[in-house]
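Worksheet for the structure shown next.
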Amino acid sequence: MTPNDLTIRIGGEAGMGLESSGAGFARALTRGGLYTFGVADYYSRIRGGHNFFSIRVSPQPLYSHVDPVHLLLALDVETITRHLDAMVEGGAVVYDAKETLPSHLQRSGVNFFAVPLTALAREHGGSDVMRNTLILGVAAGLIGFDQAYLESVIRDNFARKGQAVVDANLRISELGVNTGRSFQTDFPFRMEAVPGAPRRLIVSGTEAFSLGALAGGCRFVAGYPMTPGSPVLQWFAAHAAEYGVVTKHAEDEIAAINMAIGAAYVGARAMVPTSGGGFSLMVEALGLAGMTEVPVVVYNAQRPGPSTGMATRTEQSDLLFMIHASQGEFPRFVLAPGTVEECFEAGWQSFNLAERYQTPVIVLSDHYLATSYRTVEIDALAFDRVTIDRGALLTREELDALEGPYLRYRVTPSGISPRAVPGHPNAVWVSDSSEHNEYGAGDEDAANRVAQMDKRARKVIGAEKELPQPLLYGPEAAQVTFLCWGSTYGPLREAVERLNRERPGYANMVHFGGLHPFPREATEALLAPAQRLIVVEGNQTGQLAMLLRCHTGRVADGAIRKYDGRPLSPEYILSHLNGKV
Amino acid sequence: MTPNDLTIRIGGEAGMGLESSGAGFARALTRGGLYTFGVADYYSRIRGGHNFFSIRVSPQPLYSHVDPVHLLLALDVETITRHLDAMVEGGAVVYDAKETLPSHLQRSGVNFFAVPLTALAREHGGSDVMRNTLILGVAAGLIGFDQAYLESVIRDNFARKGQAVVDANLRISELGVNTGRSFQTDFPFRMEAVPGAPRRLIVSGTEAFSLGALAGGCRFVAGYPMTPGSPVLQWFAAHAAEYGVVTKHAEDEIAAINMAIGAAYVGARAMVPTSGGGFSLMVEALGLAGMTEVPVVVYNAQRPGPSTGMATRTEQSDLLFMIHASQGEFPRFVLAPGTVEECFEAGWQSFNLAERYQTPVIVLSDHYLATSYRTVEIDALAFDRVTIDRGALLTREELDALEGPYLRYRVTPSGISPRAVPGHPNAVWVSDSSEHNEYGAGDEDAANRVAQMDKRARKVIGAEKELPQPLLYGPEAAQVTFLCWGSTYGPLREAVERLNRERPGYANMVHFGGLHPFPREATEALLAPAQRLIVVEGNQTGQLAMLLRCHTGRVADGAIRKYDGRPLSPEYILSHLNGKV
Amino acid sequence: MLTRKDFEGRERPTWCPGCGNYGILNAIKAAFVEHQIAPHEMLIVSGIGCGSKLPLYMKVTGYHSLHGRPVAIATGARLANHGLRVMVVHGDGDAYGEGLSHFLNAARRNVRLVDLVQDNRIYGLTKGQYSPTSEHGKRTPTSPEGALDQPVQPLALAIAAGATFVARGYSGELQHLAWLIGEALQHPGYALIDVLQPCVTFNRGYAYEFYNQRVYKLEDEPGYDPSNRTLAWEKSYEWGERIPIGILYRGSPLPTYEEQVPALRSGPLVARPLEKLGMAQVEALLRELR
Amino acid sequence: MLTRKDFEGRERPTWCPGCGNYGILNAIKAAFVEHQIAPHEMLIVSGIGCGSKLPLYMKVTGYHSLHGRPVAIATGARLANHGLRVMVVHGDGDAYGEGLSHFLNAARRNVRLVDLVQDNRIYGLTKGQYSPTSEHGKRTPTSPEGALDQPVQPLALAIAAGATFVARGYSGELQHLAWLIGEALQHPGYALIDVLQPCVTFNRGYAYEFYNQRVYKLEDEPGYDPSNRTLAWEKSYEWGERIPIGILYRGSPLPTYEEQVPALRSGPLVARPLEKLGMAQVEALLRELR
């Protein structure tokens, strides 16, 4: 932890608006030319329960949050109780002067700055949320961050509440900054703005995926609210009128996916965002899409299960469920982006895969990836690389020229049958969810069954090459090779960096961003030189480790797993590695 | 194929009542001291489409149907068209004299006996179903089977339709027998009754499983009609009043499993019978049972998928789906009985497992196993071995003596927490489908989460030993070792026998009747001496082969798979083996 | 000029001889001819059941989908292409059992669908279990002691759910049924037609003889005013010696769901070319992230 | 003699200050005291949502189950132990959205349940999306341009589904609500209580001020006859300047589902010892297989 890399944490009760204040502060830091990584931690309740938002900030790009905290902004005493242990030497706690801290909440090496938060907020307008503005001002003052960026964000964020609110917040922010500055002598860490830095973006996994999907032509989104999947539904709802998208908050998840299938059947690029429990209700229809070869994209932002589990926390425990969900056997793709960049790509690539292979595509995210914010370069969301490839979708002209009856499920060498959508006189057919013949009509003949099963299976022979490939990060050869998938990329990447900083060439890692069909050959090639394999994943049973053994025969030498609802962190990985190596 | 082993096939259109007639004939043969194996083949329609019922009969016990046919009872010409190729040399076709057979339907080495089926049926009472009675009489006459047994079945089966119907059928049956006898010189195969044989049973997988479940204390069955699962619901409905069982045909499968969970929560042994598509809708609630530790038994009689698939046919393609269904991770058991004897055992054992481990148990059957009839010894359904073990279920006395607050989810070394059911003043608690603490109340604390996850996972450490163990059939050492699961047992067993008859000691097989938690140690021990492994299963992707590699590292040397909706047969296995060895 | 022949399917129905579904199939074809709707202008989404096989037995664009879900699929299809006519055809088990919630939601949303329910008051394809509309006490394989549920009242429920076109047809009255289908097709919004459909194999008590003696047409009923919702609601309970068929309720049309969606004002979703975002759009989107 | 204290839970509610659920919690406790129902004699099955956390905040046997499924679970519980009282407590999204079909089926089955719906006309726990009872045009995160669905009419639907006890309560009228719960508990069969529940955080338009000015009690309404089904059905649509609370419909009781199940005549299922089959039973069963 260099002084060039700070973590600021703001904590308090649910209902205090911590997340949006914290995200606003991260935005200000980003505008100030710094890189941030912001992550929220909250309970599944509307009020009460301890919530916090951590912002890591550095002049260098960041891929993960970290555990140690430099500056704790405590809106209540509970925050101090919970996070004092995480504070670094020389760190500081800012708290409300109205509280008297019990002695066990003091800690040598940590400074305590009392600020009359509630009193000042009342004085300046009354709204409790102004304490957030105030305390974040204090933070800016403490680290020596240019308050102009803070002010610009305040202006943007409070604009729709009117000039009076903006002004009040600006005033209290300034008060905070000055207060913070006055404490600087007792706080060794600084993080100044980088004035000439290029403009950057601050973006969450939810936003990145939604943007990718929109860019990729997603025009129909149906869902039912469920944390942390529904923010994608809500993102699309907010952009629907402007970008010509139909969104539907349906009566339940079953309706949502069936609506999406109906929309896709008639030719729209359609998606359902959900979380594991909602996905469970979509399982039957997933098979319908597989059988009738309807391209549909399912976005599952995982949260800890089983059942209701922990609604506002994170886990990576739905992988094998995604691969095997629904009765019978049919091809599907499972993607698991690891960064916001990859979320964006998964957004558009999933639709190309779905339409080219005429089969469902599942994008697995999780609460951590979906809700954390990261500062990235302006071109990180690569809009210019987006393509829209609708595969063997017959154009109007091709349909005009069609002779003879249209065979929706023609048996072809590739397994892919030219696809029409309803509405053309030359392509009038019925798709049957029962095993069907080339016309689409139910047919129980044994040879036909095998022909259609083989046709569908054939579609994905070799198609794992179309998925994001397993990526090696770090030196080609290393003593330890870590494996991970999805959102574990960031924390593990940082752990690998730190290991190599201490012992150059010690560790590398392979990240899976596409897991089904399993990229066997690429994996075998990447892992051939690996000496010691350790699989790091956010679940209890080791789902990637199982896939690895099943498809390559490699048995991992160790595992680092986490399933307490909190994301993996570099420190967690390193401390568990030491327990293992 | 010895003359001691005949297959008689009756074929015609849907709606002709073939299945019940065929089953009746198999019952008569059983009463006559013979062993039978009866299997139906029909379309998912109420009328039309070609249906047939095959009865294999022998003085020796049988475990499977076979492909070759000795005697074809053709109620229509289509039957001859479809099955002529399956006829053995010397076989015979009985058909309706009103038809003129086209020349391509003649075959040397096969005799054709014309009988005025329709004409005689009309003469004797008019009902078309009487053609079935007549033609089965012809069959009895041809093979020299004592008509008294046929008559006893006719009396039982038609009794509720009144004496007139019984008499008419008896008359026409006798006519058939006499006609059959008159053809005997042109038909070389005989199958006489074994008069002094012990009484035996003729039983389907559906019946065996239902009986086992009832014997095991199943008192609540909720379901929604779906072939081939609902026959279990209907069996229970028919026996409900007599045996004190509540059955509920619910509004959908979601309601069905949630009702069962509600019933189990208050202390009843509860089950949901379904098929894959219905199971897909139960996935969310399965996780609820896992999380809240409610014992519930799910019976899935598989049919070909994906989606509606082939409603009246067979497949073994839901295995991995069963193991991974529902978001998050929780313990469960998956059983896959292979014979009616094992169906019976799975019936009661599943409830003991569910209650002892307080977790859902899935019993996987399939259309073939559920609907085929087999003659077994009178004690094959081992009622005397049934036990009812409710596990750590607190008795009234134990609850009376309880001190302090009741901890429904107490963290114990075994992971099993003493369970109460609602209704006692000393055990008042709320079970939460969110992660909960020992009281059952939602709790998001990280340490609590891990404690409860580990507690649940701990329940099944070593519990694979409680499952039906993988069973070796055949010599200890062999050149080829086959692996299979579920209903493939019968056909594969016969294939192994035949191989060893030709080349003694050539083949053996291992059958899995319990697949999750995977019996790793037992499998490794059994397979250690195996030279060449071939996995035989009724699916496309090789699901057992995947499990095998994943859990033991063993890669099968070959695979024999079938997914055309028809069951594996000994001949299919042998011919595909020759293609492979 | 379209004729019956234009709707001839490739396959012959496999329904039992005498099944009420033949009449429904013929009525649908007749309505399409009458209203000159070509096979490719119509999407029939069906569920799973005997009756749901209907689109396979005529020439039409169709989707033989999942048990209980055709209404949701049809809703999605309409929202993505409201230039296409969409009809749902399914059994009573499909519509009022597994699919009950979708049916009521389509009604309150007023998605423009003709929802034709083949109400044989039994599960046909799975061989005769009682259905949501089976009468109390009905003995079937899942209710050998008699069904204990009171039957669903689909017409009353549809009205309570907000449907503005609620009708009952009878497959033994082909012309009348064809007329009803035509009216429903012209109704701007969700239209339910519950069709009394004899299942001659599994529900012999409700065969043609039963209905022929009882059904009467509301159009012939002096003074019956289908625009009176309370009257319609009461009428929907009439079942016994007299069974009404015809349009029970026709409320003043409400805007359809599709009409109200901002993104659909400029035409069907699928009619717009699927293009990459423009520079200005990308700029605007990125601005939100700064 | 049970008192309020006997229902004190281990945990304090985490609802927002001012949330209507506090009133409902208090009314439930008051009703249990009034009718002397001990915590172990009642099973409260709840769904998922803010309000569904209720059983966790009092002393009672409970099951905080799945979103939309508590009615099905409660039905199973009643069928397996009709010696136990069973109540369902859940939100409007749970009851009329995800769980719509189970609600209507419980009504037509007449399972003896008190079904209390915390109708805040919004999804609380997931932070303010529109719910099945939200008004047309409501702007929320999933309907930024205004909701396009017409709201579900739960009372009308319950009546149409065959419920014989249909009531509306208001969490701001604690004593009245407690009385309603008591009446519902005594009703032999399915009883719906839709409770107007202010969500002070996500649905400020329907706060106490809104309801306090509008609600009136049907009991005080001269001439209102809750046994008249048509009247009740019409009344269920009244919503505006005046909003009725009280018992809208109380039909003559029908036999409960549980009463009609042959296997339950001799007492609750779980009360019978779970024993192996006797020799004679085995013999009888094997006879079917010969």
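Chains: A, B, C and D, in written order; residue numbering restarts at 1 for each.
Note that in this section a residue touches a chain if its C-beta (ideal position, glycine included) is under 8 Å from a C-beta of that chain, and two chains touch if they have at least 3 such contacts.
Keep in mind that this is a model prediction, so the values were computed, not measured.
With respect to inter-chain C-beta contacts, which pair, A-D or B-D, contains the greater number?
B-D
Please identify the chain with the largest separation between its CA centroid and the CA centroid of chain D.
B
Using mean C-alpha positions as chain centres, tell me how far chain A is from chain D in Å, no decimals.
Centre separation, chain A to chain D: 37 Å.
Please report how many Å separate the Cα centroid of chain A from that of chain B, as a whole number.
44
Approximately how many whole Å separate the CA-defined centres of chain C and chain D?
So the centroids are 31 Å from each other.
How many Å are there between the centre of chain B and the centre of chain D, using C-alpha atoms for each centre?
The mean C-alpha positions of chain B and chain D differ by 41 Å.
Show the residues in chain A shared as contacts by 2 or more other chains, in ascending order.
Only 43-44, 49, 240-241, 251-252, 254, 277, 284, 288, 292, 307-308, 311, 432-434, 442 qualify.
Can you list every residue of chain D that touches 2 or more other chains, as numbers and ranges?
48, 64, 66, 100-101, 105, 145, 261-262
Quick one: in the complex, what on chain A touches chain B?
Answer in residue numbers: 43-44, 49, 254, 275-277, 279-281, 283-284, 287-288, 290-292, 302, 304-311, 313, 315, 317-318, 320-321, 323-330, 432-435, 442, 444, 446-447, 449-450, 453, 457, 539-541, 546, 549-550, 553, 555, 563-566.
Quick one: in the complex, what on chain C touches chain D?
Contact set of chain C toward chain D: 100-101, 104-105, 108-110, 145, 148-153, 156-157, 159-162, 230, 233-234, 254, 257, 260-262.
Show me the residue ranges of chain C that touch chain B in the complex, using the header's touch definition.
Touch list, chain C to chain B: 14-17, 48, 50, 66-68, 97-98, 100, 123-127, 129-130, 132, 141-145, 201.
Which residues of chain C touch chain A in the complex?
Residues 10-11, 38-41, 43-45, 48, 53, 55-56, 59-66, 69, 72-81, 83-84, 101-102, 105, 261-264, 266, 269-270, 272, 274-277, 281-282, 285-286, 288-290 of chain C touch chain A in their complex.
Taking the complex as given, what residues does chain B use to touch chain C?
Interface residues on the chain B side: 14-15, 43-49, 223-227, 230, 233-234, 237-238, 240-241, 247, 249, 251-252, 277, 307-308, 311.
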